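Take a look at the structures below.
Each of the next two complexes has subunit A plus one more chain, namely subunit B in the first and subunit C in the second.
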Partner chain A sequence: MSNPIAAAIVARKRLVGFIILVVFLALVPAWVKSPYYIDLVIVIMINAGLAMTFIMLLRTGLISLAVAAFWGVGAYASAMLSVHAHIPVWACLPLATIITAIAALIVGFVIIRSAGFTFVIMTTVIGMLFVVVVGNIGRMGGYNGVSNIRPPESINFGALGKVVFDSKVDFFYLGLILFVIIMLVINAFYSSWAGRAWNAIGLNPRLAQSMGVNVFRYRLMSFVVGCAICGLLGSFYAHYQTFIIPTAFNLFPKTIYIQALAVLGGVGFATFGPIVGAAALTFFNEAFSGYSNWTVIIVGALVLVVVVFLPNGLLSLGQVPSRINRWRQERAFRRGEAAGATEAEAAPADGGGEV
Partner chain B sequence: MSVLFQLAFDGLTIGLIYIILAAGLVLVLSVTEIFFVAYGQFYMWGAYVAWYTVDRFKMPYVVGLIVAVAATAVLGLLSYALIFRRMQHMDNRFLITVTGALGISLIMAQAVLPAFGTQPKSIPNVFPGALDIGGVHMEVKKLALIGIGILVTLILFYVYERTRVGRAMRAVSLNSEVAALHGINPSRVYLLTMGVGCALAGLAGALLAPAYNVSSGMGNNVIASVLLMTMLGGMDSLLGAVVGGFIVGEVLSFGQYYVHQMNVVYLFLFIGLVIYFRPAGLLGKRSNLGV
Partner chain C sequence: MTESVVTPAAPSGPLLRVEDVSKHFGGLVAVDHLSFEVNTGEILGIIGPNGAGKSTILGVVSGFYPATGGKVFFQDRDITKLKTHEIVALGIGRQFQTSTLFMSLSVSDNVFYGFHLDYKSAVWKRLVRWPSARKEERRFRQRGEEILDRMGLGPVKSEITKNLPHGYQRILGICIALASEPTLLLLDEPMTGMNETEIETMLALVRGIRDSGITIAMIEHNMTAVMSLCDRIVVVDHGQKIAEGLPKEIQDNERVIEAYLGKDEMLLDD
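Moving on, here comes the complex of A and B:
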C-alpha cells in the first residue's frame, strides 16, 4: 500500500464506489440510444429509491408494506396540484414531498406505537386502503386514473442552452439528480446521530430506550423521512409517465416487489443493495424476455434461487472470499485446538502419575 | 324483506369460500409463521385443475374436486419441502420468506397460462335448477357450495380441536421448541400444515369453479382480502377465520347493493380500526409472527 492514491481509494471505498456509480449512470445516455433502455434505467432508479426507504425503515425494526401507497400519495398530490391547480411542476416536486411527509406524520403518529407484526398489518391495511379510496373519488379520476399530467417546464440556462423535457434523456438526468440527492440524504442520515439512534433501535428497542433514545420519536422520524422520499419519487414518476392509475400503487405486486428487490440486493447494504436488486430484477426480466410466457416463470425461479442460496443478498457474493478465508482460519484453529487438546489430556495423566 | 334474505344468501355463498380460504391461511400463518403471499395462487390452481379435470377428461365434478385438492396439497408440500424448509432458521426470516413466497407466486400465476390457456373458464353447471323460497332465489349450485363448505369447516374444526394431529399443530403454533421437547417433530408438522393449508385453498377454488368464472387474475385479487380477514378474525384462531370470512362476505354482499363501490373502503377502515384497538384480531390471542 505504498501508493498514496490506492491507499486513499481503500480508505474511502464507499465514496469512490458512489462516485463511480454516479459517473457510470451519467454516461449511460452516451452509449445507450434506445429510449426503451433509458426508460428501464429510470424505472430501476425509482424502484431502487423506494427500496432504499424500505431498508431505512427496516433499520429501525419497522417493516412497512405501505411503501407503494406513499409513493402513490406523492404521485397523486403532484398530479392534482399540476392538473387541477395549474401549479408549475418545479413547485409540485417539493410540494408533493411535503404533502407526503405530512400524511406520513399523521399516519405514523397513529400506527408506529404498534411495532412488530402489528405494524406490518397496519401498513398492509393502509396500502390497500389507499388504492380503494383513490379509486372511489371521482375528482381524482377513480380507477381510470389521471392523464395528461404535464412534464416539467423547460429551463433556460442562458448561454449553456435550454433543457426541454421532451425526450427520455432529459427525464433521465432529472431522475439521476433526484436519485443522487436521495442517496446523499439517506447516507447523511445514516452517518448522523439520527442514523446511530435508528441502528440502536433496530438492534434492540428496549435497550435503546434504556440508553435514553426516544424510540417512538426516532421511528416516526425515519417513517416521515422515508415516506417523504417515496413522495418525491412518486411526484417524479407522475410527471414522467404523464398518467397514473391507482392500481399501480397497489400492495400486492408493487410493495412486495420493492421488498423483494431489497432482499435480492441484500438488506444489509442500505445504498447499493437496492440498486443491485432493482438492476438484477430488471436484468432477469430483459434477459429472458424472448420466451413469452416463460419469462416470469424463469424470473420467479431465479428469485427463489437467489433467496435460498444467498439469503443475505446478491451483494453478499462479494464477501465470499473473506468468508472462505475465515473458514480456513477456523479450520486451522480447530486443528490446532484438537492437537492442543490431546496434549492437554495427556498432561494431567502424567501429573496424576506423579502424585 | 326478501331482498335482505337474498343478499344474506349471496353473502353466505361467497363468505363460505372466504371462510375456507381464511381457515387455510390461519393454519399456515399460525403454525409455520410464513407470511404466505403466494396463497391466492393455490386457490386459482385449485379452480383451474378442477376445470381441467371436468372439461378435458370428462370426469364427474366430485373427481375434479378431489384432484384439485390433491394437486394443490402436493404443490404446497413441494413449496415447503424445497424452499421454506431452508428458510426456517435464517436471519430476517420474515423478509426472506415473503420474497420466497413472491417467487412461488410469480411462477404459479404465470404457469397457468401455458398450461391452461388465457381465456376465462367455467365448469358446466353440475347442479342445475334453482329453489325459490319466500322470494329468495337460491340456485342449487350455490346451495351445494354452502353445504360442502359447512361440512369441510366442521371437519376442519374436528381435526384441529380433537385429534392428535390437530393438537400437534396447536402445540407447534404455541411454541415449536417446547413441542419438540414433547416428542413432536416440528418440521413434519410444518410440512403437513403447509399441505393442509394449500389444499384448503385449492378446495375453495374448486368449489367456486361451478358457481363463478375461473380466471388467471383471481389469485392476485383475493390474496389481500384473505390476509385482511385473517387479521380481522385473529391469525391463530380458526373460529376467528370463520367470523372474519362471514363478516367480509356479508359486508361485501350488502355493501354492493347499498353503497356500491365504497363498501370496500368502509370494510378496510373497519378492519384497520379493529386491528388498531385489538392487534390480535377479534378472537385471536397472539399478534406477533416472529418479526
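Moving on, here comes the complex of A and C:
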C-alpha cells in the first residue's frame, strides 16, 4: 500500500478475491443439496457479517461486547414490526436496520465518550441487559421468544419465475445478496476518508486529533454503521428462523463466539478474515460434533493452537512465504556482514529496512 | 513584553495571543499566568529548563489541555474552549514531542492521512468512489508527495515509517502537520536526539517553512539552533515568563542565565 502502483495491485487482488468468493458462494446450492449444510453456510455468512462489524469497531480502538445485543435489536425490531404491525417483510428489513442504527446512535452518544476499558464494561452491560430486558417484556414474548415470524413475501420475476421463500436455498440467495451488500458497504467505508480516519484513531488517537479528526464523531460513526449492519443481519435472521428467543442474543456465547472467529480469521483482515474464521470455526464444530461435551474443549484447544502459532489469524498463512523469503535475505545479509562486507556501513543510514 | 516588533519579514500584528494563561495539574502549577504573542511571519522560540511548562503551553494552545485560567486568541478569535480538531481546522498545526506517527503505515500514507480536513466532495460521492472524489484523493496524494519532496523525504516515501531513522521520523511529523495547511505551526523540540548534520537539515527546513509563509512557534533545547533560527525568544521558568526578546538580548540576560543554568556558564554550551 506504500505507493499507488502497489496499492492498485492490492486493490485488484482484493477485487478478484471478492468476485471469486461471490461466485463460489452463489454456486454452493448447485453441489450442496442437503438443507443442513445450506443452513450452515447461511449461519457462516451471518456470523462473518457480525464479526466484520466487530473488527470495524476494533479498528477505531473500541472493543464492543454488544455485537449480539444489537443483532438482537434488529431481530426483535423486525419481528415486532412483522408480527404486531403486519408490515411486509421487505419493509421490515430496512426499517429494522434504521431502528438499530438509531438505537446505536443514542447508546453510542452516551458510551463512546469513555473509550478504552470503560467502553468494554458498558457494552458488556448492554450485552447482558438485552436478554434480561427483552425476557421480561411480555409483549415481546418474554423468555419464550417470538414465534410465527413471517418469511419474506414471494416475489414474482415474471418470465424468470417466482421466489417463494419456502426452501433454504431461497433464503441462502437472499442472505448472499445481503452479505454482498454488507461487504460492499464496509469496503466503501474502509477505502474512503472515513476508513482512513478510523484507522488513524485506532493507530494513534492523539495524532488523529491533531490532524483534525473528530475522534468522538468518527467513533460514533463506526459504531452506528456497525450496529446498523448487525441490525440488518438480525432482521434477516428473524425472518429466516421465523422464531427467536432472547437468549440467542446473549453475550455468552454469541458475542464471544463472534470475537473468537474474528481472531481466528485475523482481525487485520477486515472482510476476508471473518469469512475464513467463521467457516473454520463451523468446520471445526462439525468435524468434532460427535464427541458430545468434548466438542467444545477440542474446538477451543484448536482455536488456541491457531492463535498461538498464527497470532495474526488463519489468513496470515498467506504471508508466510514472503516472511520466509525476508528471513532468508536477512540471514544472507548477516552472513555477508560477518564475512567482512563493508557496504553494510552505508546501508543503515538510508533506513532501508525493507529489502 | 517590551520588545515586540523584531522580525525582519514584515509582520502584521500578533497571529496568536496567549493572555494570562494558567494550567494546573491538580496541585501542580505547570503554567502560571503566562502571556506572550506570536507575530505573523516570525519564528518564535520558547525555551526554558526542563519542567518549565513549555510543552504544556503548546498543549493548551493546541487544545489538548483545557486552560485553568486565561485566554488564547488566534487571529483575534478566542480559541481557549475549542477542541483539538477544531483548532487544527482553524489553522494551527502541531508536531509532537516524541515521534508519534503511524508507524505501521508508509511515509506517504502518513501524510495522506493528514488531509482529513480538506475533503470537499459530498459524503456519498466519497463512499461510492465517484470520479470527482477519486480525483480529489489523487490530488491529495500529489500534494502529499510535494510536501515530502520539499522536506527531503521524497526518496523514502514508500518506506514503512518504523524503519525510518529518527531524524526522518521527526521531519515526517512536520510533514503531517503541513498537510493540514496551517497558518501557525507549533514545533515541539524538533531537533531532539539529532546529530549535527540532521540539525543542519532541520534548520534549513524550518527556515524554508517560514519562507513559504507559515508562522512558527517552537520549543527547543538545542541553544545553538534556537539562537540561529529564532527571530524572537520567550524564556519560561516555573511556568512564568522570565524574559522575552531578540536572541542576542536573551543570551546576555542575567536572569535567564541564572534560571537556565544555575550559574554563569555560557548559554551556547547547551
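One rule holds in what follows: the second predicted complex is superposed on the first by the 326 of 355 C-alpha atoms of A that agree within 3 Å, B and C clash if a C-alpha of one lies under 4 Å from a C-alpha of the other, contacts with A are read in each partner's own complex, and residues count from 1 in each chain.
To be clear about the criterion, a residue touches a chain if its C-beta (ideal position, glycine included) is under 8 Å from a C-beta of that chain, and two chains touch if they have at least 3 such contacts.
The model shown is predicted, which means the values in this text are computed figures rather than measured ones.
Participant: Is A:I121 in contact with subunit B, with subunit C, with both, or with neither (first, second, both, neither)?
Facilitator: So A:I121 only meets subunit B here.
Participant: Looking at A:L207 after the superposition, I want to know if it touches subunit B, subunit C, both of them or none. Which is it: first, second, both, neither?
Facilitator: Once the two structures are laid over each other on A, A:L207 reaches subunit C alone.
Participant: Is A:A69 touching anything from subunit B or subunit C once the two structures are fitted on A? First, second, both or neither.
Facilitator: Neither subunit B nor subunit C is touched by A:A69.
Participant: A:L251 in the overlay: touching subunit B, subunit C, both, or neither? Say first, second, both or neither.
Facilitator: A:L251 contacts subunit B only, not subunit C.
Participant: Contact-wise, after the overlay, does A:L315 reach subunit B, subunit C, both or neither (first, second, both, neither)?
Facilitator: Neither: A:L315 stays clear of subunit B and subunit C.
Participant: Can you tell me whether subunit B or subunit C touches more residues on subunit A?
Facilitator: Partner touching more subunit A residues in the overlay: B.
Participant: Subunit B touches which residues of subunit A in the complex?
Facilitator: 58, 63, 110-111, 114, 116-118, 120-122, 124-126, 128-129, 132-133, 135-136, 251-253, 256-257, 259-260, 262-264, 267, 293-297, 299-301, 303-304, 307-308, 311
Participant: What residues of subunit C sit close enough to touch subunit A in their complex?
Facilitator: 62, 64, 83-85, 88-89, 93-94, 96, 100-109, 112-114, 116-117, 119, 126-129, 133, 141, 155-160, 163-165, 168, 176-177, 179-180
Participant: Touching residues of subunit B toward subunit A in the complex: what are they?
Facilitator: 35, 37, 83, 86-87, 90-92, 94-96, 98-100, 102-107, 109-111, 113-114, 220, 223-224, 227-228, 231, 261-262, 264-265, 268-269, 271-272, 275-276, 279, 287-289, 291
Participant: Any idea which subunit A residues touch subunit C in the complex?
Facilitator: Its residues touching subunit C are 1-4, 6, 188-189, 191-194, 196-197, 199-200, 203-204, 206-207, 209-215, 348-354.
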